[in-house]
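Below you'll find the structure, written out as structure tokens, and then a few comments.
Residue numbering begins at 1 within each chain, and the chains themselves are lettered A, B, C and D in the order written.
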Amino acid sequence: MTTEEFQPKIVAFICNWCTYAAADLAGVSRLQMPPNVLNVRVMCSGRINPMMVIRAFSQGADAVLVSGCHMGDCHYITGNYYARRRLLVLKSILTGLGIEPERFRVTWISAAEAQDYQRTITELVESVRKLGPLTMFKEGETVARESAGCVEG
Amino acid sequence: MSVIRITADTMEQALREMGDVRVLVPSGAGRKGTYVELGPDKKLPRECGDHTKPSSPPKGIVFPNNERLLSYSLGVKGEISVKGADHSQKMTILYGTPPCDTASFRALDAALLKDIPEPGYARKRDNFGVVGMACGRQGRWCLCTSVGLSPRSTEGADIMVFPDGGDILVQRLTGKLDRLWKILEAGAKTVSDHELSSVAHKYDFKVENFAFTAEKLAGALEKGFESPYWKEFSERCVSCGICTFLCPTCHCFDIIDVPADELSGRRVRTWDTCQFPEFTGETSAHNPRKEKSTRQRQRVLHKFLYHYQNHGHMMCTGCGRCIRYCPVDINIAEGVMKLGGVK
Amino acid sequence: MTDEYVPVIAEITDNRMETPPGDRSIRTLRVQKDGHAPFAHKSGQCAMLSSFGKGESMISIACPPNGEYLEFSILLQGAVTTSLQYLEKGEKIALRGPHGNNFPVDEWKGKRILVTGGGIGIAPLRSVYGYVLQHREQFAGLDIFYGARSSADLVYKREFDEIMKSGKASVHLSIDRAEPGWNHFVGFVAANLSRVAPSPQNAIAVTCGPPIHIKVTLEKLKALGFADEQIYTTLERKMKCGFGKCGRCNIGNIYTCTKGPVFSYAQIKKMMPEGMPDR
Amino acid sequence: MRDYRAETSALRQLCAGLLEKGTVDVVVAWTEGEDFPRVREMAIWKDRADLVQTITWSPFCTTSTVTYLKKNKAALAGKKIAVVVKDCDFQALNVLLQEYFVKRENMVIIGARCDGLAEADMFPRPQGPDTAMTSDAEGVHLGNESRRWEDFGFTCCLTCSYDHMKPDHTVGEYGRKKSKTEWKHLSRILAQGPEERREHYSAIFEACIRCYACREVCPVCACVECAIDPGERAITPRTPPADKANAPSWASRERHISENAVYLTTRAMHMAGRCVRCGWCERACPVGLPLMDILDLTNDAVGRIYGYETGKDPSAAPFLVSYAESDPDDKGAHQ
């Protein structure tokens, strides 16, 4: 598979109050975007458990986007502040493990910023297309060696 | 005759020339060690002992930590189709295991093949042979002579090797590795029983870390079931799986379903351990082994009593891994001795 | 070589409500394969029912051997039982078995059979009293003691009414707390047992239920003069493989999935103390 | 030069006094085991005060008394506890105090100044339990045998520099401590490209056997129900069936590289603001995995980006349940 043909699978967790509205507006405004993104609407970016991101990667996502309201605009006052801290720690870990930082993005897009949403998605898809599929978390069934830790080779 | 004298190089050459056979040898001692394939850059072990014993036991070769049992797919109208897994594996020879690891296959065979065989283990075991080696160096935690084995015992081995200078004496014990045996036998010098016993006698040293004979203590262990000592024994246990996952004979397993999506997935067998609190936990929250003292009791008695009652030999092979690698210094030999009134 | 792990695929031909929906919902599934029972079994044996993606559960077969079908009465408990209860008529189910030993019902012929069940523990006993009812003339008598928390929690109510009407057995029902309109005994099964005080003469007592039920019933039966050999019960532990390998259902050196679940009280007394019903 | 025999007898006296005066109900400390110089954690209750004579303190105390507190929480609940802690255990105790796992007013903290840990298996044995134990800047001396600090390969100890604790009682000189070597390992890993890092960490994920020793020995992994477990530990007889049926399953128990990666990454994530770099997980790992390579990614982020000092202030808010308006934002590819 060449990189031109590679269609990345991207999971986007987006907050109900800002980014989802932005995505909605982008759709209504007919802004062109690559169709590789699976949007998951959540009530607040603060609801995103880091394990959801890890799970998304291990279940085959090539990139994950978490997007919420701008700092100070959270519908629940402080949800995105908590989200920012824990998700960026997660990003540091994932980057350290060798997952390119482009594959995990945390952004803040307000309900009016449909064009920002369009740009973020386009950039994300383009950069991941260049990187190719994620190889870090191989899907269980494709693992040839089923005997972890006992026999090498 | 079933004993020959050859050079270690002849053995190495024979194993390398067998072609479609996977040969596994210990890669090194301690935590970093495991059993690895005999590659071109790897030398066949010439001796064995505590200094060549890896922390990982060889049971994973025939009893993998993670093995698919079946795949399923469901139809939208409730149809089910199930495909059993192919448990077969390439012919594998394990070479150079010390008697404790070799004997582990006797215990595993008894536990997993008797009555109804465990399908995954049975299929892999069919294509698996063990070339055991007499042990030349005891370690600080070894207790093989306490559990009815010795540094030269041949339990579990298909072929046994006794290093003697640059030569090795090779003893055929079962017909399982006859292909290898035929290659070795061609032109080799046969050895008398007398010579074998005089070489084997060199390996007859007594392992004296723990002064007890397990078989004599079985009765005392049975009486000690409700002893308050279990609480003291397990007080600092952290309920991790080291003692059981590293044990060459522990074979308890879990069966889990792993859905790939809503309509398909696989059923997988993984190692499990009696030390995890949820091991016997029922959905109703009833758990017969809620306390860690009861879980440690299960581990010790399973090895030294229940398996002995059911199969006539100790399940512990005396490798000492559980003592050495226990993060909180829980010593199974000490426990058995205290319960048995030896100490 | 047969693969013990590969289940039989059978069909659900009936899914009856036994107790009202809710946290203690019980439903009875009838399972058939091509109009017959998926496999032959004996009274007291179990089968491993699968709900793919959730796991497996060991469930007692709640009907006597009949060649036609298997029945399972399932109490809502966790993930597997929840999805099993949702199975509809015509859907497929995967099961393997039969596992374990059985009640020696054939050896009991000519005796009076006393069945005491508590809660969902009546399910394995149904295979015993069902067998006795099938071969009623070969047994000297049949007493059924059965109790549950409330009248709503009683299973097989219609069946018990029929048995009572037919006069083939004496049925003693009980519930834990009084309810308007309840004209049977109020109190625990063990209390009902001492009230009726059946004679141990030429009798076999079979009991099953929650651990506390078994414990108290055993005491009562002993008080009534039953010998250890006359009392049978079932011991069940968490099971995964069902054929004596996975190592979690053992009581001492006895694996309850192959040597059990049926034991006489005499056998239990010889086991390691963790086999006592209150453990 | 430190003489651990002398410090041990001072510690025994101190603990005997605390029990005698009734200041505490129980002392949690290291005691002499059967296999000198390996030690065992033990709770010494008032009615068995004679056992204080088995208390010991030396560089061989590689285990954690705080893990003992965590694992025996039920037995110790509501009791006045004196606990002997070395420097990293102290930090761990602070983390547990932050999370209200233990109550400070119930604790008497005996801080044992630690100069580094030593592995018993590196010394020839058996040796008598009365063998002299000393240490200096060079290394540890057991009888006539000496080993240098570097020989043990305990990287966490070599880079340890805790110096801000205030215990109720002390053992050993409680002065300022400097790390023996500078910790460059992580920066060496991070200097590599993503490809090499993936290779390095994949090898760790692949070799993990999921015995969960790293989690169980960890003094700050104190959740009743771990996210990795299939939701069976917190079940009570009153848990409704629907709760049990719908419990989230974050990770499967399959053992292969992908699920192992989920486990170890999740653990690293949950260690943010908790890991005190005691290194016991790494020492306990039966297959010798360099687990601190993973946890240090977390520690590096927490320390370098957020300037948070784990376990320093027992009254501070835990890292993951607090935030600052000045926390940095995602810088895209330039993390």
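Rule of thumb we're sticking to: a residue touches a chain if its C-beta (ideal position, glycine included) is under 8 Å from a C-beta of that chain, and two chains touch if they have at least 3 such contacts.
These numbers were taken from a predicted model, which means no experiment stands behind them.
Each of A-D and B-D has its own count of C-beta contacts, and the greater count is at A-D.
Among the remaining chains, the Cα-based centre furthest from that of chain A is the centre of C.
Centroids of chain B and chain D (each the mean of its C-alpha atoms) stand 32 Å apart. With centres defined as mean CA coordinates, chain C is found 51 Å away from chain A.
One inter-chain figure worth recording: chain A and chain B are separated by 45 Å, centre to centre, where each centre is the mean of the chain's CA atoms.
Shown for chain C are the residues in touch with two or more other chains, namely 77-78, 81. Chain contacts: chain A has residues 140, 146, 148-150 touching two or more partner chains.
Among all residues of chain D, those that touch two or more other chains are 209-210, 244, 252, 254-256, 287. Interface of chain D with chain C (complex): residues 240-242, 244-247. Interface of chain A with chain D (complex): residues 50-51, 54-55, 58, 71, 78, 81-82, 84-102, 105-108, 127, 135-140, 143, 145-146, 148-150. The touching residues of chain B, when paired with chain C in their complex, are 69-70, 72, 74, 77-82, 84, 111-112, 115-119, 122-123, 225-226, 251-257, 259, 262, 265, 267, 272, 274, 279-284, 286, 288-289, 294, 298, 301-302, 305-307, 309-310. Interface of chain D with chain A (complex): residues 189-190, 194-202, 206-210, 227, 250-252, 254-262, 265-266, 268-269, 272, 287, 294, 297-298, 300-302, 305-306, 319-325, 327-330, 332-335.
Listing the residues of chain D that touch chain B in their complex gives 33-35, 38-43, 63, 67-68, 71-72, 121, 125-126, 209-213, 215-217, 229-230, 232-233, 235-237, 239, 244, 252-256, 280, 283-288.
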